[in-house]
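Heads up, the next two complexes both have chain A, just with different partners, chain B and then chain C.
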Partner chain A sequence: MLTVDDVTFAYAPGAPVLSDVTFHVPPGQVVAIVGRNGAGKSTLLRLLNGLYQPATGAIVVNGNATSDTPVHLLARSIGTVFQAPEQQIFNAKVVDEIAFGPKQLGLTGKALDERVGAVLERIGLAGEAETHPLDIDASARRMVAIGSVLAMQPPVLLLDEAQRGLDKAAIDRLAKIIADEKARGTTVLLVCHDMDFVARNADRVLGLARGRLAADLSTEGFFTDAALTAAIGVEVPDMVSLSAALGLAPALSPERFAAAWMARNEA
Partner chain B sequence: MALIDVADLAFRFPRAKELVLDGITLSIEAGERVAILAPNAAGKTTLARWLSGLLPEGVLTAERGHVAMAGKPFAEWSVAERATAIQFVGQVPSQQLTGCAFTVYEEIAFGPCNLALPEAEVRARVDEALTICNLRHLAERDPFTLSGGETQRLSIAAALAMKPRVLVLDEPTSNLDPESRDDLLAQLDLLPGGLTIIVLEVALRPSLALAKRFLLLDQGRIVADGTASEVLNDPRCIETLGMTAVTEAAFRLREAGRWPDATLLPLTLNEALDSFGAPRAHG
Partner chain C sequence: MSAGKAGQPSLLFTPGESLLHRANPITSLALMLWMISAAAVLPTIGTTILTAAAILVSLVTGVGKRAVKRLLLTMTPIGVALVVVHGLLIERPDFYDHGLVSISPSGLDYALRVFMRVAAMLMATLLFVTTTHPADMLKALDQRGVPPGVGYLVASPLLLIEPFSDRAKAIRDAQRVRGLDMTGSWKARIKALPVLLMPLITLALSDLDQRASVLSGRAFRALPRRTVINAPHDSTFQLWLRRLLFTLAVLQLGIPLLWR
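After this line comes the complex of A and B, so read on.
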């Protein structure tokens, strides 16, 4: 779980990037952080994982205050998949990249092998274990970055535009990973520009506008508030617009739209 | 003669078993707006590098075939000639920063300065690129302090300042919020008609507003080449790229025998609204 209490942050004096941000995320919830370019989304992630310290306010991750927990200890509670996987991969084999984190936790032998093997299966790279991460395509490389974080089994998982550049098969795989993490009680935060992905995968949306938390609603509540989505600068998913135009309850996915349309026209 | 001609291009990386590109033949005319769609690992970025003249390089040569621009194979172009003819913007914009510019303005000026252009010309080009990519308010910022989307706009601005005849963009709007994306696409649309734009994407939707011609690349081969609806209705496209949400909804209803228009699957929200006889959305 995660608590952010009245947090303010600035890179330069007098120009706050985030102001008075407060929210709480319980275990097993998937929360999307959305907003315009430069709204402070990635900065917020870097505050949550302790890379930056808030100017005022407090952040508590899984019982640890980021202000007095060293980043390497905080990493046991919160795992981050950064925007550019190339910037967080440093081993010469996929399997070593996945094993690096658990080894730091003290895992060895069978326990380590089992954990690494399970992660390789989840990210679909069991056949590439011995390959150099820079010899696989960009989407597989992103999966390696995701896998290296999953292998730590952090109670809080941060994904910064992890869906970007993934094709349909890889998007489906990522959605499954998120759903599985949710099911095992992980708190998942997604920074994401793809509103269709948000609609399909998030329980709740935090909208940032000019560094302030302008929205904190259920996914359905957020996307059906036209004034709010416009103020935050995000697109309403086509399924929500289509269901509204046809007088149906808001649908967050094509499956749900099709089901709602057929149910209404059954009679 | 087309502006870019790809003739039976086959390429594999050293020591690799499989060909990345396997017999690509393709012509692109001056001023065309082309989207090349491909699933992951299909050879998309490698093809982009060939189209941009970044390959061949050193040991990375074609197994057969070649790519020519204006009738001359890229292997015969000097780096300076190539840089003013064609510009490539990659997927990771932060990797594209020169690292030797202290401001956004200097970053954009870097290319034109290296062409030894007169100062007034450099300034005019930087000004134009700042406008097109909506970066004027960030001109004095350190490039390494920009957000992901701002960096993506900067990398495109730096390419435009070279005044290329061809712009090759690898997932150019993936980091942009919708307003930035629409602004950029509208500005690109306003550029002199002679500029050829080639975008590479993993999904159909982002390129719908820009491209008129769509190619599907799968396992190193061009397997479809046509308009958006032609390529979308190609089963190979549906299988590899999936569908837009609107198309998928219609597809599900059609499978159940419930889609009002039995022939055409809609690509966009407005097309779907038309099919249901509902009024179109704005924009």
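After this line comes the complex of A and C, so read on.
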């Protein structure tokens, strides 16, 4: 579904931001891209959606090489939710903002209405369809940005710090959206600094350090390697630390921690 | 140097060690004002020499590539419009038929005069903005005892270019990845304009309020005169040069008005 082959990128000659990055993500997998600020996460994201072109190497998204496909056409294969949703909102109604992407893909009439209606339900804003996007709270506004990309039904979904600024209910809703997308075979990539969110939602972690792929492991494998997480500069989620301290199997969520704790007590 | 995400500088300022870079920003401002006032009154041959001299200075100071590129980008459509309107469209007494088109030599002469005047003024401005950093300009104004509000009013448009330009790029990227075609026909590009401008204007207005609150919160206008750390270099020679340039600028504009 998504193949990154030996990619190198630099903003200025002689100062590569990404070097020799190679990985493949199959359909229906949720992958987190983690690393310190400046590690190259956002640059990688912009290479994946075709906004930047690699200096060497190749990126293929859903069968389309990013080097040969214009960004607006690549948008059919890969949807991106950027960090600042305000930067894309221009319509006077939430419903029109959600409909913008599908309209660009040529969707009209009943098919468009049905798709937009379904997305409004998924993001929990069916009751705000006619409201101006700038009149709703920041959390809901971010959900509008997420919804506007979901409405395009891309086979690959990139979420750049999508959970940041969301309230508890919206974070739970986002987690459900990610799980639903995974179930329908969408490849989801999360660029994320919130390791609890990564632990709960990702199947696999790609760790970037100084522009190189320093880790490509299952989420559990990544968070139980203390030396690796320290080298990449990310915190180990509390649940993983707690379960390790109590001699339990690594738990990536409170639910799994509780199950492991109950099982030990019952034994 | 300020740089956007893609490593391309958003400010026109280009670092350097030339005389103009090292000059006090008020001196550079005086030079720009003198050049603009000279361009306003000189005949075409004078504005041509002034523009050529400014281009030469920009090349010597190491800002030539950026300045000349901007000059060409701005002046090419203006030049075409002036020739079409004054040379071909507006009927004048010397309007005569050349077969396919009718041309007015006096219209072309007028177009050339306006073109060179605007080019000289633009080149003077480009020389100033490519060699003077807005932050240094603010410091120099503070140093001269200009009220903070006035200084901010002068320098803020230059300081805002960078964040505004970065935001415009971010908005363009956000819309492109939602399928907006910005590479197609002119019709498609014009159709895309509201999609790009609406968030830019909305965010700029929201920024205004935030900036005003931040400045008030930092007691921006509490003291009429602020202490300047790392004030730009100044000298008696530059002080007299500035006085001369300001006087010349006023005389250049004033004498033709009084003697007319």
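To be clear about the criterion, the second predicted complex is superposed on the first by the 267 of 267 C-alpha atoms of A that agree within 3 Å, B and C clash if a C-alpha of one lies under 4 Å from a C-alpha of the other, contacts with A are read in each partner's own complex, and residues count from 1 in each chain.
Assume a contact is a pair of C-beta atoms (placed from the backbone, for glycine too) under 8 Å apart; a residue touches a chain by one contact, two chains touch by 3 or more.
If you're wondering where the values come from, they're calculated on a predicted model, not measured in any experiment.
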item: When chain B and chain C are modelled together on chain A, clash or fit; value: clash
item: First, second, both or neither for A:Tyr11, with chain B first and chain C second; value: both
item: Chain B versus chain C as contact partner of A:Ala84, first or second or both or neither; value: both
item: Chain B versus chain C as contact partner of A:Asn49, first or second or both or neither; value: second
item: Chain B versus chain C as contact partner of A:Met239, first or second or both or neither; value: first
item: Chain B versus chain C as contact partner of A:Ala183, first or second or both or neither; value: neither
item: First (chain B), second (chain C), both or neither touched by A:Ala227; value: neither
item: Partner chain(s) touched by A:Asp196 [first = chain B, second = chain C, both, neither]; value: first
item: 26-34, 116-124, 224-232 or 242-250: stretch of chain C that collides with chain B; value: 224-232
item: Those residues of chain A which chain B touches in one complex and chain C touches in the other; value: 11, 84, 86
item: Complex interface listing, chain C residues touching chain A; value: 5-7, 167, 170-171, 173-183, 194-195, 198-199, 202-203
item: Residues of chain B defined as touching chain A within the complex; value: 38-41, 45, 91-92, 94-95, 145-150, 153, 171, 174-180, 202-203, 240-242, 244-246, 248-249, 251-253, 256, 258, 268-269, 272-273, 276, 278-279, 281
item: For the chain A and chain B complex, residues of the former touching the latter; value: 11, 35-39, 41-42, 83-84, 86, 136-140, 161, 164-171, 193, 196, 233-235, 237-239, 241-242, 245-246, 253-255, 257-258, 261-262, 265
item: Complex interface listing, chain A residues touching chain C; value: 11-12, 46, 49-52, 70-72, 74-76, 78-80, 82, 84, 86-90, 100-101, 104-105, 134, 148-149, 152
